[in-house]
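Beneath this line is the structure, given in structure tokens, with notes to follow.
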Amino acid sequence: MFLHTSKLQFEAKPSKPDALYARKLQELIGGAYGEMTVTMQYLFQGWNCRIEGKYKDLIMDVATEEIGHVEMLATMVARLLEGAPSEVTAEAVADPVVAAVVGGMDVQQAIVSGGGPTLSDSNGVPWNGRFIVASGNLMADFRANVAAEAQGRLQTARLYNMTDDPGVRDMLKFNLARDTAHQNMWLAAIEELQEDGLEGPVSPSALFDEEHQEHAGTIWHNSDGTAGPEGRWASGPTPDGAHEFSYLMDPAPLGGKASAPAPDPLLYATSPANLGLIEKAIRKLT
Amino acid sequence: MFLHTSKLQFEAKPSKPDALYARKLQELIGGAYGEMTVTMQYLFQGWNCRIEGKYKDLIMDVATEEIGHVEMLATMVARLLEGAPSEVTAEAVADPVVAAVVGGMDVQQAIVSGGGPTLSDSNGVPWNGRFIVASGNLMADFRANVAAEAQGRLQTARLYNMTDDPGVRDMLKFNLARDTAHQNMWLAAIEELQEDGLEGPVSPSALFDEEHQEHAGTIWHNSDGTAGPEGRWASGPTPDGAHEFSYLMDPAPLGGKASAPAPDPLLYATSPANLGLIEKAIRKLT
Amino acid sequence: MFLHTSKLQFEAKPSKPDALYARKLQELIGGAYGEMTVTMQYLFQGWNCRIEGKYKDLIMDVATEEIGHVEMLATMVARLLEGAPSEVTAEAVADPVVAAVVGGMDVQQAIVSGGGPTLSDSNGVPWNGRFIVASGNLMADFRANVAAEAQGRLQTARLYNMTDDPGVRDMLKFNLARDTAHQNMWLAAIEELQEDGLEGPVSPSALFDEEHQEHAGTIWHNSDGTAGPEGRWASGPTPDGAHEFSYLMDPAPLGGKASAPAPDPLLYATSPANLGLIEKAIRKLT
Amino acid sequence: MFLHTSKLQFEAKPSKPDALYARKLQELIGGAYGEMTVTMQYLFQGWNCRIEGKYKDLIMDVATEEIGHVEMLATMVARLLEGAPSEVTAEAVADPVVAAVVGGMDVQQAIVSGGGPTLSDSNGVPWNGRFIVASGNLMADFRANVAAEAQGRLQTARLYNMTDDPGVRDMLKFNLARDTAHQNMWLAAIEELQEDGLEGPVSPSALFDEEHQEHAGTIWHNSDGTAGPEGRWASGPTPDGAHEFSYLMDPAPLGGKASAPAPDPLLYATSPANLGLIEKAIRKLT
Amino acid sequence: MFLHTSKLQFEAKPSKPDALYARKLQELIGGAYGEMTVTMQYLFQGWNCRIEGKYKDLIMDVATEEIGHVEMLATMVARLLEGAPSEVTAEAVADPVVAAVVGGMDVQQAIVSGGGPTLSDSNGVPWNGRFIVASGNLMADFRANVAAEAQGRLQTARLYNMTDDPGVRDMLKFNLARDTAHQNMWLAAIEELQEDGLEGPVSPSALFDEEHQEHAGTIWHNSDGTAGPEGRWASGPTPDGAHEFSYLMDPAPLGGKASAPAPDPLLYATSPANLGLIEKAIRKLT
Amino acid sequence: MFLHTSKLQFEAKPSKPDALYARKLQELIGGAYGEMTVTMQYLFQGWNCRIEGKYKDLIMDVATEEIGHVEMLATMVARLLEGAPSEVTAEAVADPVVAAVVGGMDVQQAIVSGGGPTLSDSNGVPWNGRFIVASGNLMADFRANVAAEAQGRLQTARLYNMTDDPGVRDMLKFNLARDTAHQNMWLAAIEELQEDGLEGPVSPSALFDEEHQEHAGTIWHNSDGTAGPEGRWASGPTPDGAHEFSYLMDPAPLGGKASAPAPDPLLYATSPANLGLIEKAIRKLT
């Protein structure tokens, strides 16, 4: 069960409204790597966690924090939209600065939300539940969590450079720091999973003995760049300590010809059995 | 530019048809972590790569291989659907095995594709372009690549246990091995990026000095589990070597009250200024 | 079966083209609360109506009218797009008014529709079938209909203030009036359902005696605002006349700890049973 | 900011696993009218509320409660999936009960979530942000809230009849009661908004004097059912007290012919100006 | 403006209920090539038509007919769902026929629509507005119309073989015939467009003299199948009479290396300029 | 299996950056009729082809070429975005040309892709797998292919007129030519299918004798335009040679009244059986 305080985790006060920027911030609310994604990803991971204790408790701590990040951003967006141009006159857009705003703002923030945020990204595409993953395998999921925090911090950094509003930047400095903390945290949790002997670096740490070992360390050279083999992925032991890397420079297909089976006549695929079809069809009618 | 050979990268021949399983394999074609995702994710990362040489060449090698994985799975699905029950009679479904198939198969594979795969996941939801990421930042993207391969191998392992068809299992043993190779490969590339001094473990490796340092190493205890602080994320240096972990056991909000600004009257939000509205509205009319 | 006359239900002639506004009007065509939604929502409700007579006949009357509203808006959009800037030159965008248009118009209206409307909202997101509901329960559906007409009229009112074109405003005055009529109509139909003894105010009017009565009138105070209990929802009889309101000021969870069951080993969730997993996995290989 | 306790708001323990039912419950998690929708709808309404006090505090109380409903359902689904058939053998599906389960379960709950819930509806379609509305106008939004709770209770009632598991039914009796409480609560809030003189029954309570009054009370008889005029929407004062109903029995279009303007030649619409186009095009080439 | 009669264009009465088939018929309602698609595609084409007369009048005739097809299918689905198993007991599913139904029916038809159709396809994915096209160019659009009717008739034929219910088959025989009529009709309209000199066979019939002529007739042999050049597309005049076919057997890329430009440092792409980044970042902090 | 060369099929070098145009080009990458669509449509058609030889080999040749078109466009977009304004200052947007760019560029190309393309259309909506069709019936699919190439060339032509950049135009001249070649090619393949006696012009060429012949050649006059019967679709033999056209000027419905069956009481549809429901419900409680 959840409780709420009406105070924000961190202040979210722009120095002045900026409707263009309010649109851009939507990416951090409803984008594929926005706060909504980490909120729901961590909540579902916590609820799906099959091992009680430190991992689950950590996940729920962070998940609950993230709902508050959506709240901060939603509040910031509403404040950035204060006084946004809802009445458009020719005189107004004769001012280039207004023209840029009129051209680039998210019109649904006005028409649908009445000057507030939507649950969409910066192009107005709604957030959706396929953005999250909660597989029950903590290693696989913590990899996804590091990835989400990395993309999230990257996008926050880009947005940081797209404004010079001190109030917005103050909040983003907090967001940047939280994304740093969370990247480090998931990286530490990945180490801990291995130290605890619960998961190996490759997910899942099973079926290694059944997979075709001869293909578990090769890189196939299917393009014509020449520098691929210069990396440490070209030879030597793999990070999981269980395989050896090698670079397959002149790869040849191992399988037979791609082909689909003879069709079911009731599904009307085109096949040699159709020969003379038109005549037959028309003959029947006449 | 691309070239194609009609031979498969690896054999994809089931020992016998299995329409139920053909539906499940759709997850590896068009699911959020299926082969279509890694194909397009790597292609767009390669095209968006801003540094020539080993990283870009590696990405394009693997991207091109992955198109062939979609091909293997598409071929396998068509073969698994051979002779799937397209005519349903009461007698047929009186056989429980047929009943399970009739109940559980993907009806669009028959109605829309005529006994072939669709570009959808195992629930029939279409693959979409928001499943991929290609940010231009290789560390952030390689994190996403490890995550994608980890989830992909996990799903493949689950699917491996859902069949005992030797032909299907033979192909999945190849897929498992490739997912192992690719996880190791991206992990190695992450190490190499750091050894080359191009990226740090936290993405992006910038703005550290501007982010609010006091919040870059704390875990907020927003839930009531007690074991969270037992992990290595509770104290000591962070994996990036730049911060210190600490666990904030009794977190208090740092910001003011969440509130939205006074509304623009032309957007008709409910506000104190509306007082007496109804009378006024009706008085006008009468 | 349907018939069509090429005359519009109401005139839809702008005084002059306005490509920026043509984009905004897309919200009334293909937005979640646009005319397409009420059209399809009412059609499916009519077809799904299980009681012959006045309710069903009313629904079909209004549903059929709404198709004509989509027609009016589609026509208006095409006319607003006349002469929209399809050739962009540096000289043209040196004029701020043109710059605003170039920045803010819906580019798909030009590229895809050749100067016509799309079946999308004002951010270009396509309309979809999940926007409608037709449950077979008239009370539940009429509630949704009032809600749709209320949001629709609100958006129309906002759009009314975003133009001063007399032709556009003339059509919107008709739309506003129809949204007024339809809100009143569904409100009247809700009253009539109750007067006819067919439905109560709460949907569905069943299972009241099975639901946990002690939880059917309480408001849980899960946030820290203090004014919630000042409203008429804090005490006294509920609008359905069947329960009593009360405000639960210090709510405590009634259930046990959220937890997921022990995992199926073949699904590879992380669990205590994984202990020593890595060593085992690697030992097998070597 | 939010806090979490790991105890559930109400118990969520099935008496025995039931994978088929676990799929159906997804509708209450990620369906258009599931708990995720009311959670995010109320949160965004609270954050977008432009009037401090009892309305906003109520919204945040209920919003925060709803997150806990998603938690209850997610927990229930994981428990219902315990031991679900992940290994399929011909012998197993020879049992009709198993066959029904194998046919009808949500395969992504196994393949993707490892025996846990997804953020999708009962057909596996992901939840998305267009399901919510937070317009800033409390009357329009409370209408949407009653509608959402009505559809939600209706679906819960249907699901209640689809199981006889005492544990599941116990939780659903709580859910039914909360949906009753919330419908009554929003209905009371709608009354209060009017008593407070903040909003009228029709949203928004503005522009009545500008809308075309002669069209604000008519029902257009565009279908051929004869019973429509028997309802109280056919005559007498409208619920908002501002208009009069009438039934337009033989409606005629008021507008001119629907037509699109002459096309921009650079957009290549087919038009009379194209005459002789082919000859010209080919003549140019030869 | 539209009018409606409550009589169906053709009878839609199944001989007996069949919930499994009710799910499959959803493909013809809300699938990418279902009746909803042709309805909205033709309506938007008609409204977007820039040439008055026979083409526009034909489009509106057919568009209006198609709304009635959605109505027939919606009615059929509701009737097929009569008495569908909403209460599931172990005894019931012990009957394999019931088991197949329980496994394979569309659960949203019960939970959401109360025994009626949804606006989704046979996998429950909602219909959406990107399924339609209305470009303003009649040749391009009539090509899409033939394609839609061809796929639609193909799916109807497949569904025809999936039932032996005389009532369902009677309706499908009508649908098959209408799809035949409409394919022929659009093919005739394509001929007429050319006879009228309005459009050539290739869309649009412009810019032929600007396109790179040497690439307007070649087929690139980018795969290794050997039979491609056996078709009439390998040599001789093209159908538009304006070009010559040839098969490019050993295709070589004509462009330079694919590469992205040097990155903007504020977007944090990985680039040679990042060298030594980590040290610098950490040095700043300490 | 696929191979890749890092050289582009054709050069993709703009003369200068143009961020506004980079957004528009997204339509050709990820739009419903963009290069991604034809790539995946042809790949899946090739893999689903049930007849070996010239048709399948042709499809795979073209499919493989199309991947390279996505590559050309992705490269072009990245180059057009070079130096796009990521830092926005009031001074910058005081320049109208910059204002237009700031207003109209795709902000996700910067925030998400770091100055590269996304897999979305020109409104930022992601590409999805429902855009493709691969039915197994070559005639139905080749119709869809002509349609896709026609819409694709039309959009390319429109985009050609929206730029005067010589480098962009040079690439588009290649694209226009390829779209011409491919339209002609699929038209030739349609002729060949008929000459080979494999398929008739109407898909599928079966069930003609079962469809209701009397409805296989009629056009229903459901709208009131008068010119519809002037076309060659009004009389004479149909293009498939198997039917006769006629225009049904005064169409009457052939079916009975649209109605849904009596509802299952456990689904709580409103029905006459509900009469007195409220009293009963409340009586139970008190």
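Letters A, B, C, D, E and F mark the chains in the order given here, with residues in each chain numbered from 1 onward.
Just so we're on the same page, contacts are C-beta pairs under 8 Å (C-beta built on N, C-alpha and C of every residue); 3 or more make two chains touch, one makes a residue touch a chain.
Each chain and its UniProt protein: A, B, C, D, E, F = Catalase.
Because the structure is a prediction, the values reported are computed rather than measured.
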{"item": "Classification of the chain C:chain E interface as same or different, half of numbers criterion", "value": "same"}
{"item": "Listed pair (C-F, B-C or A-C) duplicating the D-F contact set, over half by residue number", "value": "B-C"}
{"item": "Between chain E and chain B, distance of the C-alpha-averaged centres to the nearest whole Å", "value": "26"}
{"item": "Distance from the mean Cα position of chain F to that of chain E, given in whole angstrom", "value": "7"}
{"item": "Residues of chain E touching at least two other chains", "value": "1-9, 32-33, 47-48, 52, 55, 60, 63-65, 68, 71, 75, 78, 86-87, 96, 99-100, 102-104, 110, 112, 114-116, 120, 123-126, 128, 130, 133, 135-137, 139, 154, 157-158, 161, 203-204, 206, 208, 213, 222-223, 225, 240, 243, 253, 255, 258-263, 266-269"}
{"item": "Topology of the chain contact graph, where touching chains are joined (line, ring, star, complete, other)", "value": "complete"}
{"item": "Chain C-touching residues of chain A, taken from the complex the two chains share", "value": "1-6, 47-52, 55, 86-90, 93-96, 98-100, 102-108, 110-112, 114, 120, 123-126, 135-139, 193-194, 196-200, 203-206, 208-209, 213, 240-243"}
{"item": "Residue ranges of chain A in contact with chain F within the complex", "value": "20-21, 23-24, 27, 31-33, 96-97, 99-104, 121-125, 154-155, 158-159, 161-164, 222-225, 251, 253, 258-263, 267-272, 274-279, 281-282, 284-286"}
{"item": "Sites on chain A touched by chain B in the complex", "value": "5-13, 32-33, 52-58, 60-65, 68, 71-72, 75, 78-79, 82-84, 86-87, 110, 114-116, 125, 128, 130-131, 133, 135, 137, 139-140, 143-144, 146-147, 150-151, 153-154, 157, 160, 173-174, 176-178, 180-181, 183-185, 187-189, 191-192, 195, 201-204, 206-208, 210-223, 225-233, 238-240, 243, 245, 253-264, 266-269"}
{"item": "Residues of chain D touching chain A in the complex", "value": "1-9, 30, 36, 40, 43-44, 47-48, 60, 63-65, 67-68, 70-71, 74-75, 78, 112-120, 126-130, 132-137"}
{"item": "Touch list for chain F against partner chain D, complex", "value": "154, 157-158, 161, 266-268"}
